[in-house]
Structure formats: structure tokens, C-alpha cells
Amino acid sequence: MAIGLNILVGYTGQISLGHAGFFATGAYSCVLLMVKAQVPFIIALPAAGLISALFGFLVGLPSLRLEGPYLAIATLGFGMAITQIISHSSFTGGHMGIEAPKMSVGSFVIDTPAEQYAVITIIAVILTVAALNLMKTRVGRAFVAIRDSEIAAEAMGINITWFKTLSFAVSAFYTGIGGALMAFALEHVSASSFNLILSITFLAMIVVGGLGSIMGSILGAALLTYLQIKLQIIQEAPVIGPLLLDISNMFFTPEGLPNIQSIVFGAIMIAIVIFEPLGMRGIYLRIKRYWKMWPF
Amino acid sequence: MLETRNIEIYYGKIMVVRGLSIKVQKGEIRAILGANGAGKSTTLKTIMGYLDDQPEKGTIWFNDKRIDRLKTEQIVPLGIAYVPEGREVFPELTIRENLIMGAYTRSGDCSAEIDRVFNYFPVLKDRLKQQAGTLSGGEQQMLAIGRALMSKPALMILDEPSLGLSPLLVTEIFDIIRTINQEGMTILLVEQNARKALSVAHHAFIMETGRIVLEGPPDKLMKNEDVQEFYLGMQQEESIKGYQRYKRKKRWR
Amino acid sequence: ADKVRGVTDTEIFIGQWGPQTGPAALWGAVARGSGVYFDLINEEGGIHGRKIKYFLRDDSYNPMKTKAIAKEFLEEIGIFAVVGGVGTSTGMAVRDYLMENKVPWVGPPTGSTNWTVPMQKYLFALYPRYTDEAYVLTQYAVEKMGKKNIAFFYQNDDYGKEGLKGAKDYLEKKGMKIAAEVPVEPQDTDLKSHVLKLKESNADAVILWVLPKHAAIVLGTSMAAGFKPQWIACSTLSDSTLMHKVTKGLWEGVVYANFLDMESPLVKKYLEAQKKFAPKEQETGVFFVAGFLFAEPLVEGLRRAGKDLNPDSFVKAMESIQHWNDWLGYDCTFGPNERQGMKAVYLSKCGQGGKPEKISDWLKFDTAK
Amino acid sequence: MSFLAIKDLGISFGGLTALSSVSMNVEKGQIFSIIGPNGAGKTTIFNCISGIYRPKRGSILFQGQEMVGKKPYQAAKMGIARTFQNIELFSHLSTMDNLLLGRHMHMKSGILAGSTFLGRNFPAAREECLHRERVERIIEFLEIESARDMPVSALPYGTRKLVELGRALAMEPSLLLLDEPTAGMNQEEKRDMMFWIRDIRDDFDVTILMVEHDMNLVMEVSDEIFALNFGIKLVQGPPHVVRNDPGVLEAYLGRD
Amino acid sequence: MQFFFDLLVGGLSMGACYALVALAMVIIYKTSEVPNFAQGEMAMLSTFVAYSLMSSYHVGFWTAIIATLLFALVLGFLLEIAFLRPAKDPTVLSLIVITLGAEMILYGLAGWKWGANQNPFQVPFSEYSGFRIGGVLITEINLWTFVTSLVIMLLLFLFFRYTKVGVAMKAVQQNAFAAKAMGIPTRRILTFTWGLSSVTGAVAGVLIAPIATLDTNMMMDPMLKGFAGAVLGGMTSLPGAALGGYLLGIIENCFGGYVSLEFKSVVAFGLIVLILCLKPTGLFVKHFERKV
């Protein structure tokens, strides 16, 4: 659910390294609501989003006066604190995490992977449309304005304090919902999953997808998730696999080969920024333009 | 001394400067006048090597050396100083540090130059330790010009030096321009204040949508009717009185 | 017969996850060790004509990824059983999922009680429980080494906490008090304040239930602080050559628990297999060999299950393993109500140059209590 | 009671007195110009009025309300719009979006309404259409149609100034602060600007407070001129008075 | 009391390492406004180079260190030239992403090459003995760490304050456009800062490794703490960053010693958030208000 972060970073230009924290908040609050308070899924999901938003709001408050690296550190602190607290509290299942119940709408229980996938897609589509709409109208424009020039934005009558915090909250809401959905997809939540690397991956997703573009966020998230799965078994790939093994044997250590994941990931992030600053959206736009010109 | 031969400059696919040739002779002041968006600043930036892969066509020569496609940091040491449009001081450095940066390409002590700058702009002297970003608009403009003087260039390129200056200061700045020119510096000037520019220049160009449409010595240009109307604003009286808004677009086509 | 997932006429699919990258990659050797073991078995002709096809996946010690891997195992590859799979929180993320889908799982390489309490039909644990291990270690320290003031330095998660519980159980029984319990967070590198806490307690022995890295740092830092108790280490720190190397010799004299018999002739055979199948493998220490250990009972179970292999026949076969000793561990025993296969450790002391010196026989847990 | 009454305004920056005891009254419907040498404190006055600086002493009464201590966005809500000396546009946005941001205060849709519309008839969409129309009218008025969908960072300086003016107009202010509106323009463009300033005052019914260095323009359009030097008032009065004031001549105009 | 002084010494020596990392980050931040997240990994890789030289090629310690610092310098140059320079119209965010990408690449490479093992890092001075001041032991390595960090800090400070290149580095950050107009070779300056910063970071790595043992994850925690220290000090101020690093080390140790070990690391961040709320640009940097 990179959309959330994109709202924050892409649109208001605030950098957060703590989104894993919101992700965790969303996942845990949704699961806990359902397990401990027997709240039905359709209520627990938005509630989880709102709880994350609340946290986002609270984290957003100090962020008002911070920017750049200062903000990054503050949010990083939040992300670390949240996971630390979760993993030390027995209410949240400690390090072991907790099992997530099945999603259900009314009496209809969703349990096959296909159904699960469908539900998640539907929710994602609804949220995407909402985000697209939001960005086209007053609130969204205000977010962008703040990024470009705070002074001017304020002179337009935009209450920066309010909108900055709001952007944090909205972004946290999205991330929280994302976290909750993830909890259901994996049927388990566990504190140690929500680490700094996750936050970085989020950031990578939106950059790869294209900053300030909602379509891009989705594409980016999809691509990176796909790669994450496929790179694991790179040794099994034809041609490249044996070749890499040979290289490993010659210059590196073969058991270190899985680290190639991290290398490829890093390389992709850099390549995208260097060659296609607009990310996947840029590529998409270019293809679109190309087809428009076709056959000329 | 400086010469552009038939240069064409593009922003992406849009041609902004279309076959421009200008020459600046040693010891002269030359001015480029022109409406908004004519491509004046673009031309200067290209001369200074700011725009990658530009000019698309044509060549630029400085003292018989080809300088197009050189990097800015290679061009400056040849003896060209540039005062960009819109001041562009180093906001968090002090005035002193700003000036020192102006002399970056020169080695050795630069206190003599600093004194010379303070001589031209005494205001700056009182603010030696103030951060440049907190200066008023005009003060920043003075600093920008002073900073360019620090490198003792052979050619100085100024982009709208009078922007935002009070009338008194505009006069002063042009006096200074004339003085440094008399001390031997060649000057290329882009200006909106045509009257002032023409009063100091030896030769001027008028630029419209990427082309030179008129050039010559100032007294000749002053006599041109269009120049009078659009750049010197001599016939404004009646149209204002009549509250009539009319515009003659598409000139010199 | 019906088609059984992960079993064909010629192959059995076995999966394992393990951190090959990231902060816990050290343990990744376990999963690679198992791989070599399966290669060896296949070379010897497989099991009832079937070869083992082994799937190793990297989860970077991230439960979220482990879960994704488990799903891949079941929904895409279709494996018969899981072996090993380092990590408690990672394993817990998939335990119920695997059990619901009747995936036999042999030998999760940690000593968590969660594997066997409550009992899971398809889950066979081998690694001696941390609680029990800590119990006997403490007992040994008090009874055999005459230590009176014992402190406990543990990683602040279930791994460390279970160890702590075992130690406290023993001390409580003896009416003794623990000198200090000092937790360390997995990501910490600066342990000065931890050491000062330990030093304050005036402990004459400190039990370590931490990562090798932290063990090394804490020994070094203690040395610098002039704090020199008897160090006693849990079985995850039982690679004394490695520990001796990273502590630059400080490990000498440390007493630690072992769950795998490095002197067994099997080890030699296994290391030869490694030379053959994974000649470049560098980490052939205890963790790597442990990868063999966790796979041995699985293979034994597969053998006993015979040609007609399915999860339930496998469980039956596993349950028939009683006091089995033809492996690296000790006295493997399962039963209809017994899922903890191994219940003993022996102690060693790190001698000169990191050479392990066995100082006790196998200490069986049930007799200890 | 004056429309805008500044009394005894003073502010200093670390030892430097930028304004000392400045007082002025601006009447409704006036075009009121502030002139003065560089660094006199003109922009500082603007910054005080629009809430960006907080003056050390003095008061600013706008339609009877105290402005000192108000935040910039509050000032904007009360009907004060401004342009900036160094142009502060939202450079990644198009001209259209920039102007729509000017309408920010007049729009109401919040997060919920903003994110949940599907067709033209939802309130947020309707509101959006309405305001777009208004903005179109301003674009037409300033003749910047060609720039409507261009990102403002690619516009020439003069056009950017116009966009900024348009954005201020979109706010429908009752007081408009213009900081050097014609800097960087040539005579012809300045002349256009002069007409616009008058038209704006007449058609949009706003009071205009302007800082400008072009004396021809100032003298032509101003009803009242206030001359400032080193944070101190030199003179105030109609153009012909100020033009011939010896203090102004000496400090500002020079012998021309 | 002795307990407190012990904590203090521990805090100071760890703080010195944080301070070095913080300095390294500040150097790059000063010229490009980019917090360099690859800093830790750069240091880790350099330390591994030193380790390999010593253990596999039996090079002497000091030779290895000099070779390593050279390596670090070149690594810094390379990263800048290969990754940062080609970026078209980079925003701060995209640069940050590049450093994150570089971080992942370096981490992956190190893991690939050196595996996951813990390695002992030998130094010719003792980790365990040293001299005592009133019962508090200051080990040789503590002393080395402390002195090295101070010397480097001082050198850097003088460099930035008094040399033309130093001032030019600041100028590049504030207005690269104008810096070019002054004839400042902005790109070369950037490359140079990366080299300088990389060397500073490598020193930190070499000083941390003997105590923390060397593995690919060694620098993760110090990197974050160093970053936090830099932010605490104000991100653009060298003395601020160094002090921030020291402070962080001390606070952490004292909190660990007196309050709770569990939340030791988190508290450091919590505290920073608190301080940032009160002083948004860190302790030692004047907030610069942009004038309009």
C-alpha cells in the first residue's frame, strides 16, 4: 500500500522512514480488534485505518516544524518505538506475533486465496479511486502547494499546520489499511516484520513507481513485490543462475549468493532514479505517447 | 572578443533561440534588449555553458577559443564573470564568504578586491557578517555584482542588473558599469531598462522570439519608432489618458 | 492410491526456509547443511526408490516472508514436508498454517516450547528445549562447579526468555536467587551498560543466552571492565572454534552445552559429503552440521513409512522411532503423545585454541528434575 | 476609521532596525504606493501586514481588526492577498492549479467529500467546476491563456509575475499587496500592468498597496504615495507632492 | 559514582564512533543536502577490506589501514561518480533513494563476498588494558577512538572554516547554479566530499570493529545512531554533529545503566524527537528563515 506514503512524500514532500510503524499499527489494531474485541471485519478494517491515522496525526504534530533529515529521524524513531513496544507487550503477542482471523463479510467467510485476492483488490481499487479524487480537489492541491512553497501556501490561506498533519494522517490511514490487509493475506502478524527495511522498501516502491503518482505507486509496489519473490530463486533461473554460481565460486562465496536480491534491488532503485526520474509512470507515459504517434 | 555564430537552442523540442549571431568587441559595452521570453537569459546561460548539449547548432567563441560545449567551470577561468538573473546569492553564507567565492578561480589574497567592491557598494561593508539571504532585494543585487567583480574578469555578463533596484541605485549601477568598462572591462548586458542600457552601451541588439531583429549603435536605435514605443515608452501618454488598452502584437515579422 | 502432495513415484518434495541474508544469515548454514544431507541420501539411492527434491528459500528472518514462503511451498510447489526452518518467530508465523494443511514438519532448529506445547500432530521437535537446557546448565554450575551467584544475560525475546525461565526454575527449587537478569536487544552493539549491570551484581558465573555476536562483545567488554566470571553458554553458542576466533581467544574456559555429537563418526562422513556436494562451503561449523541432524530423523521416518507415503503414514512412522541413536543427536524418541524427540545435552569446555573438551556425559533432562 | 491603519510599526533584526515607528493610513479603494531605496523596509512592511513577520511594536488595523500576531493564513482569510518580490509560485504545478490554489479558501470540500465523488453531481465535483470557471475568467482577464496548462517553472519571468498576480486575484481579496509587480518587464509590459492595476481596482473592488521602483508607473497610477528610507517615513502625499519632495529626490530618485 | 564514570567512559567511546559517523554524514549533507544512508555500509565494506588484507594477505596493521583509507576514498569517489552524478535534475528525495540503493548494493556485495560470519578484527592496541583515572579504566582502544575522533573533527572544522574549498563546499549546497557561475567545479567538489566522508566513516568502522566484531551488519546500529547524532547536532554543523554523537552515546549508556536496557536504543530516538520539537534544526544550528 505504497499509495499512503506517496501522498506524504510525493505530494507534500515530507520524508518518512517510519511507515513500517503505521503498517504495524494498522495490522495489529485490526487483528486485535477482531480477536480481542470480536469486532467484525468490515468495521475493524476502517477502524484500523483510523487508529493508524490517529497515530499519524500524533507523529505529524512534531513534524510540522521539521523537514528533511530531521523529519526522517523523527519518523524513524516512531517506527522503531512502535515495533519495540509491540514486541515487548504480551497483549500484542510479543515477539511471536498473533494469528489473524479470516476475513468475513457478514456471515460470508473469505478463505480461499482467490477470494482473498478479490477482496483485497476491491478494497485497493476503492482506496485508489478515493486517493485519485482527493488529489484532484482542494485538499490534495493544498498538499502539493505545501511541498512547493510553504510561504506561498500560507499566503493562500492554507493552514499549513493543519494540512501537514492531515497529510500524515491520511498517509497513515492508507498505510494502516495496507497493513491490515497484509495481516489477512498472511494470516499472521509479527513485530519483527515491520522493520526499517520495510520502510525503505516502501520508499523504494513509490520512487520506482513514480513520485506524486498514484498509478505509479501501484505499479512500483507490484514490481518490487514480484521481484522480491522471484529473486530468491535466481540460482534456479536458466543461464543466469549457473553463471552467477560460477561468479560466486570464483570471486565471492556461493552461500552469499542470495544477497544478490539486495544488490538487484539497490541497482533497480538507482537505475530508476537515474534513467527515469518519473519512475514507471514515466515509462508508461512514454509508451502512451509513442502509441499516440503511431504509425508515424 | 565574444562571438556567437548562428546558435540554436532548444528546451526539449521547443526551439527558443533561432540562429543567433552576436559579437562583442573588446572594451565595449553591448546590450541585448527584448521582451519577456525572447530568449535573452537562455542565450546567456548557453554562453556560460549551463545548458547541457546546447547550443544544438552553431558555435561560440571567446578570444578565438571555442567555448561551446565546455563546462561552466572551464569557462569561468577563461575570464568571464556572470551575474545571473534574480541575484542567486549564497543565502546562508555571509557577505564576506560570498565575495570570497567570487574569487574562487583566482589564487592568492583577495582583500584588495573586497575593498574595491566595498568602495562601489558601501552598504555591504556594514553587513560583512550578515547572511546574504537576509539582505533586501537590492542589497542582494549589489552583492551579486560585487561578487562577479571579485574574479577580475575580462568580460562580464550581466543579466538584468537593475532588476528591483531603486532609481537612484539604477543610476549608480550604470555609473559603475561605465566606470569598470573604462577601466578596461568588456561588458555584455541584458536589460529591460532600455533607456539606461542604451545610454551606456556602445552597441545594442534587440531580440524578439529568439532572433535579433534590430541592431546598431544606441542613437540609431533610439530613433526607431518601434523601439521608442515598446522599449522607451515614449508614446504612452495618450493611451493611458484614453484608458484604452490596445496592443500591437506581432512586430517585425 | 490417492495422490499425495509432494510425493511422486520418483521424488519427495521437502522444503526449508532459513535466513540466507540479513542480520541472522549466520543461521542460514543449517538449511544448507540439510541440503548436503539430502544430496548424500540421494546418492546412496534415495528412499524406497524416491529421490528427495529439496527447496531452500531465504526468508531473511522476517516472519512476513516466511509466511509467503510457506504459501509458495503449499500453493505453488506442493511440498510433502518441511525440515528445520531457523527461527522461533518465523516458525510461529507458519506453524498453524502448516498444521492445518497437514504438512509434517521435522526439527525446527530452536528449543522453543511452542513447538510441542500444545502438541501438534505433524510437528516433531528435536532441538532440546531451552527451558530444560538452561535448567541443567544452571544445575551443573551450582552443583558441579560450586557457583553461588549466577547472573543471566539473555536476548530480549522468547529465545532468551525461555532460557531465563529454565534457569530461574532451578534456582527457585534450590531456594537461590538469581544475581541479575540482563536483557539485550538484538540490534544493540554497545553493551557497556549491560556489562556494568552484570559486574554490579558480583556474579561468579554468567549464563549467556544470546547471539554469537553479543556473546563476543560482552566477553570483550567485560574483560575491559575487569569483570571475569565463569561464562556458561547455551547450545546456540556451541561452535567453540568459531567463538574462540571471534572473541580473539577470550572464549577459552567457557563451559557450554551441546546438542550434537561432534565426535560421532557420522560427522566425518558428512563433512566428506560436504566436500563433494558443496566444496566451496566455508561455514562447516556446528550450525552447518546441525543441518544434517535435523534432517536425519526425517529421513528415518520416511524410511520407516515405507513405499506408501502420506502425512499420516509418516506420522505413524515417526512415532515408532524409539531410543534411536544412529544419528548425531542422542536417544531420539517419539511416541503418540511425545513430540519432543531429544531431551539431553552434554557439556563441553573450550580448551586451548578453541578445542572443545567434553566435560560431561549426555545429561538427560527427565533425570535431572 | 481607515481601511488599513498602520500605527507606530517597528521591527528589527539582530541590531538592524528595519522599521522604526512607521504610520500610514490607506483608504478603501485607493492605489497606495510605497517607495524607497533598497533595504528601506518596504517588503518588511508587507511581511508584517501579511503575518509573515511579527513586528516588535506598533499595530496594524485592517478593517478595524488587529493584524499583529495573526498567522499568514489567517491574514489571507481576512482578505489580504499578496504577490512576492522574488516570485513564490508552486513551481511544479500548472498555471491553472496555481490559480485554483488561490481559491483554496473559498472552497469547502474536505477529505471525505474530496475523495468520494464519482460523477459531476457530487458536491465536491460541483464545487470544483464552479471555481474552475472563476479561474478561467481571471486567466482571460490577464491574457495568460497560453500558459494555462504549462508548469509555471517553464514560464518566462514576466509571465510568472502575471500568474502570481492572477493567483492573488483568485483569492478575491479586499486588500491586495503587490511587491514590485513590474520588475523584469519591459516598457510595453509595464504599461499593460499599469492598466491592469487600475482595472483590478475598479472591477474587482480591491484596495491596492504596492511597492514599485518604476517611477513613471507609480506616479501614473497611485492615488497616494508613501516614501520610506531606512525604516523611517520621508513623506506621504499624492504623486505631485512626493515627486518634488527634496528628501525623496535625494534619497531615492537621484538627479535624473 | 564509579558506576557513573564507567558509564560515562563507555558512552564517550561509543559516542566517539557515533560522532565520526555523524561527521561523515554531515560532510555530505553540507554539500548536497542528502543524508547518506549508505554511509554505514561504506564503512563496513572498508573495514572488511582492512580485515581481508590483514587476515588473508597478512599485511601489517598500519599498512592495511592506510590501504583501507585509500580504498574508502576511492569508494566514495566511485559511488558519487557512478550513482549520484548521472542523476538528471535530482531532487533531495531521489538522491536519498540513490543512497538507499547504494546501501543495499554494498550490503549485498559484502554479504556475497564475506558471508554472514562473525570475524575478529585485530588491532595492535589493547581492548582490555589501559590506564586508570581514579578507579575508572580507560582502555587503549577507548583512548584511540576518542583522540582520533577529536583530531578528525578538528581537522574537518578547520578545513571547512578556513579553506576556500571548504567554503566552496557550503556554497555548492546552497546554490549550485551560482556556484558554477563562480567557476567552482561543483561536480568535482561533490566527488571530493564523498571521498572525504567515506574516509571519515571508514575510520569509524575500523574503530568499532575490534569491539563489536566484524560482520556485515556491524554498522547498521552505529549508522542510525550517527545519523541521529548528526540530526541532534543540527546536520550542518560539524562540531554540532560530533557533540550530538557524544551526547547520544552518553545518554544511551546512562539510560541503559540507570533506567532500562530494553528501551535504551529507542529512548535515544525519543529524546531526539523531543529535542527536535523544541529546536527543529537541532541543538547547534541557527534556524534559517527564508526571506521573501
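We just call them A, B, C, D and E in the order they show up, numbering each chain from 1.
Convention: a contact is a pair of C-beta atoms (placed from the backbone, for glycine too) under 8 Å apart; a residue touches a chain by one contact, two chains touch by 3 or more.
Keep in mind that this is a model prediction, so the values were computed, not measured.
Student: According to the touch definition, list the chains common to the neighbour sets of chain A and chain C.
Tutor: The common neighbours are E.
Student: Which number of steps is the smallest that gets you from chain A over to chain B via touching chains?
Tutor: Between chain A and chain B, the shortest chain-hopping route counts 2.
Student: From chain A, which chain is the farthest off, judged by mean CA positions?
Tutor: Chain B.
Student: Measuring between mean CA coordinates, which chain is farthest from chain E?
Tutor: D
Student: Could you tell me which two chains share the largest number of C-beta contact pairs?
Tutor: A-E
Student: Taking each chain's centre as the mean position of its Cα atoms, how many Å separate chain C from chain E?
Tutor: The mean C-alpha positions of chain C and chain E differ by 37 Å.
Student: Measuring centre to centre with CA averages, how many angstrom lie between chain B and chain C?
Tutor: 76
Student: Approximately how many whole Å separate the CA-defined centres of chain A and chain D?
Tutor: 41
Student: Round to the nearest whole Å and give the separation of the Cα centres of chain B and chain D.
Tutor: Here the centre of chain D sits 28 Å away from the centre of chain B.
Student: For chain E, give me the residues that contact two or more of the other chains.
Tutor: Residues 108, 111, 115-116, 262, 265, 290, 292.
Student: Can you list the chain C residues in contact with two or more other chains?
Tutor: Only 21-22, 28, 156, 185, 282-283 qualify.
Student: Can you list the chain B residues in contact with two or more other chains?
Tutor: 134
Student: Applying the document's contact rule, which stretches of chain E touch chain B when the two form their complex?
Tutor: Listed in rising order, the residues are 164, 167-168, 170-171, 174-175, 177-186, 188, 288, 290-291.
Student: Mind pulling up the chain D residues that touch chain A in the complex?
Tutor: Within the complex, chain D touches chain A at residues 50, 52, 71-73, 75-77, 81-82, 84, 88-93, 97, 100-102, 104-105, 107-111, 113-118, 124, 127-128, 167, 171.
Student: Which chain C residues qualify as touching chain A in the complex?
Tutor: It comes out as residues 20-22, 28-29, 32, 57-58, 61-65, 67-68, 71-72, 75, 88-89, 92-94, 96-97, 114, 156-158, 185, 278, 280-283.
Student: Could you please specify the touching residues of chain B with respect to chain E in the complex?
Tutor: 48, 50, 71-73, 75-77, 81-84, 88-93, 97, 100-102, 104-105, 131, 133-134, 147-148, 151
Student: Can you name the residues of chain B that touch chain D in the complex?
Tutor: That would be residues 11, 33-37, 41, 85-86, 123, 130, 134-139, 141-142, 160, 163-172, 192, 194, 229-233, 236, 239-240, 243, 245, 247 of chain B.
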